[in-house]
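Chains here go by letter, A, B, C, D and E, matching the order in which they are written, and residues are numbered from 1 within each.
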Amino acid sequence: MAAYLASLTNVGLEHYLVVAGILFALGIYIVLTRRNAISILLGVELILNSAGLNYVAFSHFSTGAVDGQIYTVFIIMLAASEAAIGLAIVLAIYQLFATIDVEATETLKD
Amino acid sequence: MDISIDVLIFYLVSLVVVGSACIVAFSRNIVHSAFSLLGTFGGVAGLYVFLGADFVAAVQVLIYVGGILVLILFAVMLTHRISDIDITNRTVGRIPGLVAVAVFLGILVYAIGRTDWVKVKEVAFEPTTAAIGNLFLGDYLLPFQIAAVVLLVALIGAITLSRKEIKE
Amino acid sequence: MDNPVQTDFLRWIVLFPLLGAAVNGLLGARIQERMGKRMVAVIACAPVTLSFLFSLWAYGRLLGLPAKERFLIDQFYTWIPMGSFSVDVAFWVDPLSAIMILVVSGIGGLIHFYSIGYMHDDRSMWRYFAYLNLFTFSMLLLVTGDNLLVMFVGWEGVGLCSWALIGFWYGDHTNTRAGNKAFIVNRIGDFGFVLGIFLLYWTLSGQGQGTLAFRDIAHNVGLLANAEIWGVAVVTVVTILLFIGATGKSAQIPLYVWLPDAMQGPTPVSALIHAATMVTAGVYMIARLNELFSAAPVTLGIIAAIGAATAFFAATIAVTQNDIKRVLAYSTISQLGYMFLAMGVAAYAAGVFHLLTHAFFKACLFLGSGSIIHAMQGEQDMRQMGGLRKVMPATFWTFTVGVLAIAGTPFLAGFFSKDAILWQAWATHNQVLWGVAVFVAGLTAFYMFRQFFMVFFGQCRADHHVQEHLHESPKIMTWPLWILAAGSVVIGYVGLPAFMGGSLIDGWLDPVIHAHHEHHSVAEELGVMSVSIAAAAAGVALAYFLYYVRTPSRDESPESKGVPYRVLYNKYYVDEVYQFLFVGGTLLLARVGAAFDRYIIDTIVDGSARLTTIISWINGLFDNYVVDMLVNAVANVTFAIGNNFRRVQTGNINSYLYVVVGAVVVALIVKLRYWS
Amino acid sequence: MDLGNLDSIKLFHPEIVLAGTIILLTILDLVVANKRLLAYVGLAGCLVALGATAELYGTEPTLLFHRMVALDNFALFFKVLTLAALVAAIWMSIGSGEVKQVHLGEYYIVLLTCGFGMFFMASGNNLLMAYLGLELVSLTSYILTGMLPHNRRSAEAALKYLIYGGVASGTMIYGMSWVFGMAGSLDYAAINAAMAEGGGNQTGLFIAFVFILAGFGYKMAFAPFHMWSPDVYQGAPTPFTGFLSVASNAAGVAILIRFFYPAVSTLGQEGSWTFQAFSAVQWTDLLVALSIVTMTWGNLSALNQTNVKRLLAYSGIAHAGYIMMGLVVLNNDGLTAMLFYAVVYLIMNLGAFLVVMVVANATGREDMDAYRGLAWRGAAFPAVCMAVFVFSLTGLPPLAGFIGKLLLFAAIIEGQFYVLAVAALLNTVISLYYYARIAKTMFLDDPGPDDGPVAATASAVPLLGALMVLTVVLGVYWGPLLDYSAGSLGFFMK
Amino acid sequence: MTEHVLSYMVFIPLAGMLVVLCLPSGRHDLIRWVSAAATVPPLLLGIWLYANFDTTTTSMQFVERAAWIPAFNIEYYVGVDGLSVSMVLLTALLSFLCIFASWGIDKGVKGYFALFLLLDTGMTGVFVALDFVLFYVFWEVMLLPMYFLIGIWGGPRKEYAAIKFFLYTLLGSVLMLVAILALYFYSEPNTFDMTKLMDRSSLYSTEPLAMWPFNVWGWGFQHVVWMALFIGFAIKIPAFPFHTWLPDAHVEAPTAISVILAGILLKMGTYGILRINYPMLPEATADLAFWFLAALGAWNIVYGGLCAMAQTDMKKLVAYSSVSHMGYVMLGMAAFNSQGINGAVLQMFNHGCITAMLFLLVGVIYDRAHHREINGFGGLAGIMPVYAGFTALAFFASMGLPGLSGFVSEVLVLLGAWPKYHALTIIAALGIVITAGYMLWMMQRVYLGPPNEKYRDLPEINGREIFTLFPLGVIVVIVGVYPRVVLDLLQASLNNINQMVISHLS
């Protein structure tokens, strides 16, 4: 018990990893359950965030170098561009289907 | 046992992160989800600060909060007439989703606990901006350039996709 | 047999008819329209005459040799050289086959000439003569072949020709059906025959003497002594298998059924093939392999029994038949039964003797009936005949001789030969068989005279316009009759019984067939002989009363008679039974086989197909699909599964992601659970 | 040896040429009115880049830009492949009716950028470069997929592709972060070293690798990460679909090989590899399972397809499964077979899509019925070519596809993966059914009443002929290509 | 010239195909004559081959070899021995005749003859190839032309028949491919060279594999490979229960293709077994072919015969008769003595000629009456006597009547089979009766009996048709009377192959 408490108190790498893991899981949950294209994109953003958090945590605890932070920067940058394209597509979809409910936009199927 | 202040703050921030993420995940109203994303991003930025990544934290705030989030809100507004009250944000198959994700998370945590991560002896805090800048123009020049290409093409693409077609 | 004389003219005995057949078969149609039927006839008859002359030459050569070494061989070429198994096309003439080639080419020649008249107004005469020549060729090959396989070639060849000639007028299906029946029944016999050959060959080659040549077989019979197969002596099995072949060819029980139907063919054919020559092939084969058969007493017993049974059986049927040729056909079967009886009691010489005489008088009778039918314009029902002796004397007299001969009238051919067989049966202590044979002798006399009276005596029962055209047959048809009649009188004297000076033919055949004579008292022989004479006389008397004194009416129907009469009239219904059992059975099997191909596999298929349709119905997608074979079943199952996969492709992005995450989770669980 | 930024420039010609072309196109797009010109410019650029690549052969392998990218035969091989695919795709686009509707400028720019990204997927020497290249390819692919204006299918496909790709790449980068945590670096050499001394732990590594596999697998489109491909193939403009089907697949193969072989395995005697990581995990079992599932899933789904593009998508999945077979045997023979197959697959699949395009141009349809009696509707040549391509895809001699399969089967049978071999063979038989269905529809069926004549697009014919001839020639005399593939296995890391 | 004779035989048709492709598709007669011309040289070369063939040696003759893919040491390696030379001759002859048999084709003439010539190349190639990859390539090369020839120029259910044929055969050939690769990797050093593989046959282990179910059956590597190859070949033969593609394919295929199919393609199954299974996997052959193959053969004979008897479509009947007759081949091979094995190959040759005649004859009547219902005719003998004459010859040859070729081979097979399998030989000998049954029955229904008024004025068989039938008829007679013209070719090689196996026979 005490050991457990101790492990709770002195915050270390694992704590951050767990937080990131929770974020990741929530992101997955979103993409699984949401029907709204934008919400799904939100989920993707969560996933990317969790990855970024991981990198920074590692760069802090593991390497002590800034490489990890640079990776995070790249992730953020890619997240931005992905979001831009994604939202553009969402708009195009909205123009064509008048909805962005991915269930309503299922013409491509067997 | 003593609980140092930073520990408390860590848990607080993590709580903010996770909590707002949960709202993002479970809220019925997409606007709420979108806004509560702010909490998550901000919280993560906070954690970055804790980890001594000041530059990254700044980038996070600038790009995510200032850029992506706004973009998303625009998209939400554009794709939903403000007039109608409940803005749709259906979720289906909660239960299987939850189960799957719970298992998933369980495995992740288990693995996180079990894995022996590389660790450095003492953890140092020093400003990173300069180092990052140097690396961007040194070792990481090529990725940096490629990132530029990515952004360029993303720009072009976004325009091409979203522009209204009036083709003759 | 060790050092046969090498010759190179025997082959021509066989090849001349083949040439004739080839010419007529390939060019006959043209020749007939260009140069007329006469030319065709010449092309057909010349080769047979030639081979008769060559046969005489061969006969002369034999006479020229010392009695013990009368063997001629003509090595033509090696046919199938296959390791230890090497078969030559070689021709072998010894006293036995000498008799046969003389009979075949001689009587065959006569019948060729007779046919010129008989077939005169048939539009495809060339085809007829081609077949006839081909038959002569095959028959000569059969009798001169020096090994079993070459003999088998002739064996099959005569079967083919008889098929072709029985169905000669193929416009009518009764004829073609009769032909097929003959061929297929013969094939059943051949089935046994080839198996016999195989077993014989392998058993001998097991002893290091793999051969099919008759003389070597005769030498090596001893090697078979203690060979066994399936717990039976090999020699017994071999001989039985060969005998099965003989029953097919020579119309013995149980394979005799084709012969009566074979009467559908032109009458000369019946005379040549189905009386004089082909049907005796079985007898010849056994005589040829007499050493082998003598080594298998069990088989001999069977042969004797079947011979006697056939003789009796066929004779009883003949009693009631009204078709002039059918009577003769059954009498042929019956006479063949005699010959096999002779073989069965190891009296090979007697059998061959009867073969010889029978060839003459039966050919004479058939040709006679042929000329009658010719005169009656195709009518064959004896109830329509009667009183013909006045209109066609030549036929009448020759026919009379034939009847007397076959009935066993003393001092005619049939008497001596039949008596020889009866005597041998008695002398070898087969009193039962002897009794049967004697009774059959009586029956023979009865039905032959029945026919005799019905045809030639009383009032003519034919309708007027037939009666007007009644006429004697042309010379070309009558003089062969005279020759044959003459033969039927004199040929018997080559085989006089011991007390009348002994049999020439026994001596002649001695190098091939070792006749064993234990001595019996003259009184005993005379007694036996008189019994048979008495039986014959009784038969004649009965016929006289039934068919001469009370002349038969033109429309007496078997229905009016008692049950036994009808049973006999319908040949014990054997045809019907065979039709039902064997023909029906085979066809049934065939249908079953085809059905298996289509339906049994299909039901499996349909089952799986139905299964798949259910799956696909659940999917609401799969349109059912013509199912034929297993392939389609597999295809369908695959399709159904394919649809299940397709169902996953709903176009719903969430479900796609479910798949991904699901897969990852499963992988992780598997890993944690099993791999660490 | 590894070079710094400036020295690297000298050995960076192909990329530079390509990038230059992209920029040139961006400018030209603004000035020139006749957009067709852009196509030819792009074509020229690709050819020049091809030349530059060829001229790089022979230079000793190096690491460029501070160990960011590797310059070795392996990279060069895939650069050549990518450029070839680009050339074909641009050529197709010139004749394509669909492409006429889009903004040609952006189209060609993005297309070239896509190829540009693939360069780094093939040559990236660390996970960051891999990730960047992959993302670049993905983003451009989303754009190109969604480019068709006023086209629901296109837009929807783009959306699905985006979401799917986003999740997959997100998962991948997350997994990479774990690798980073366990190896302390993303550099392949460093990872390899860390594995060598047993860094990390089995569970963590496994999770990380599975996540990474999700990213790679989605690029290469093998099950269960393939679900996007049918929709995307169907929605995207045909020339790009063709490009995607071959180039994206090839890039996936490249990144997969580069990560799983040089990075986490070591080369042993006569070209047999052993995994550093996963002493406890039957890694090959997982790959075998993936390969079998992929090919079976693809083939079974393809059976009932009525849309030919979709059918080809599933066949592509199946082929991804076949190619995976080369991965499981853990030796250079397998890898050679994979490279060989990538080339062959490029040729025959591009050809097939070219025919699809020709038919679509003439009839505006992509469903099977549009092919009824094609041979008897004035399009005998395309029909014959299509037959050659589909039978080559089936793997019948004497066509190139057979040799590809032969090498793969040879590899796995030598490795004694009999179960896999039998599964693959059964799949071949199944696949025959739908491939033959295409041939049947084209030749055996009679044209329907309303099926008009089909005139082959003029520009398509020479390319079609070239591809067909290649398919046949490589089927009969494949020695040189085999040597080339074998020679392209040089990895440089240290 | 002479040292490349086999290559010429293989590739001249291919060249002909290219020429045909270049001709204008309108010029039908030109195309026909060109393709005919392309099949003449192989025939002449075949005759030359026959004349110069050394019947005493067991080694390969007229060998050509050249490196093809050195990396896998795959070679272009062709040559013939007694076994293959007979088949090569048959192929050259039938291909030549079938060009004329397909003169009547008038839809897509160009495509037809081009594919036909390609098929010709493939078939000849299979029989001469001595390198496994080459063999497999040729083997599959036949597949596509066949598929299209049946599928495009076939009857009403052509597509079904074509795809069925295709799937069946491909299933077989992929199994074969695995087996080939397995053999390749187990040979030390790895080689695809068939002759080398024969010499190394002892290398392939027969130790029972651990894998289920082979451990139960006690099957070793050799047995598994043997079975894989065998299934591939059995589909071609076709052996029960893989025979069901045959009737469909035959019924739908155009006449000439039926001839090729029955005359040559079926032979490839048995050829493959003799060329590959026997010498390369002798122990497995000794274990598996013994009884199994013989029983299969006997069953094929009887079953095929019975099925034939029940058919009402002439072509189906003939097709099933092929199933029956190929049974003799299997039975003979399984006899493991010189009579059996030589008889088997002779039967392959004879059946090639006889069944070709039968299909051509059915084609003749089909061209005139446009149906093949056995019960729809009658009395044709009176209407078309010459035709009936040829038919009779073919039928009797097929019935195995002495003096015609069928007899010799069937007797040899049965004779050879007897010492090992009494019961099976007896069953098989029933075939004699069954064959006579259905052949005569068909003859009676179609050619004999009262002439059918509907066909009163069918034209007599014409010169071209006689030209296709006559050579076959002559061969049938010659081989029947003097079988050594073929047997002498075979004996040396076949006895050698036989020796390889029987040394392992328990």
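By our rule, a contact is a pair of C-beta atoms (placed from the backbone, for glycine too) under 8 Å apart; a residue touches a chain by one contact, two chains touch by 3 or more.
Bear in mind the structure is a predicted one, so any value in this text is a computation, not a measurement.
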| item | value |
| --- | --- |
| Graph separation of chain B and chain E (steps between touching chains) | 2 |
| Chain labels contacting chain D and also chain E | C |
| Of B-D and A-C, pair with higher C-beta contact tally | B-D |
| Chain nearest the overall C-alpha centroid of the shown protein atoms | E |
| Most distant chain from chain B by Cα centroid | C |
| For chain B paired with chain C, centre-to-centre distance based on mean C-alpha positions, whole Å | 102 |
| Distance between chain centroids, defined by C-alpha means - chain A, chain B (Å) | 6 |
| Chain centre separation (chain C, chain D; CA means) in Å | 77 |
| Cα-centroid distance, chain C relative to chain E, in whole angstrom | 36 |
| Chain D: positions in contact with at least two other chains | 128, 132, 135, 139, 142-143, 146, 150, 158-160, 163, 167, 171, 178, 181, 184, 203, 207, 230-231, 301, 304, 433 |
| Numbers and ranges of chain E residues touching at least 2 other chains | 167 |
| Touching two or more other chains - residue numbers and ranges from chain A | 13, 17, 24, 28, 31-35, 40-41, 43, 57-58, 62-63, 67, 74, 78, 81-82, 85, 89-90, 92, 102-103, 106-110 |
| Interchain contacts, given as pairs of chains that touch | A-B, A-C, A-D, B-C, B-D, C-D, C-E, D-E |
| Residues of chain C touching chain A in the complex | 646-647, 649-654, 657-658, 661 |
| Footprint of chain B on chain C - complex, ascending | 654, 658, 661-662, 664-665, 668-669, 672 |
| Residues of chain A touching chain C in the complex | 28, 31-35, 40, 102-103, 106-110 |
| Residues of chain E touching chain C in the complex | 160, 164, 167-168, 241, 244-245, 247-248, 303, 306-311, 337-339, 342-343, 379, 381-382, 385, 396, 401-403, 407-408, 411-412, 414-415, 418-419, 422, 425-426, 429-430, 432-434, 436-438, 440-441, 444, 447-451, 482-484, 487, 491, 495 |
| Complex contacts: residues of chain C adjacent to chain D | 621-622, 635, 638-639, 641-643, 645-646, 648-649, 651, 653, 656-657, 659-660, 662-664, 667-668, 671-672, 675-676 |
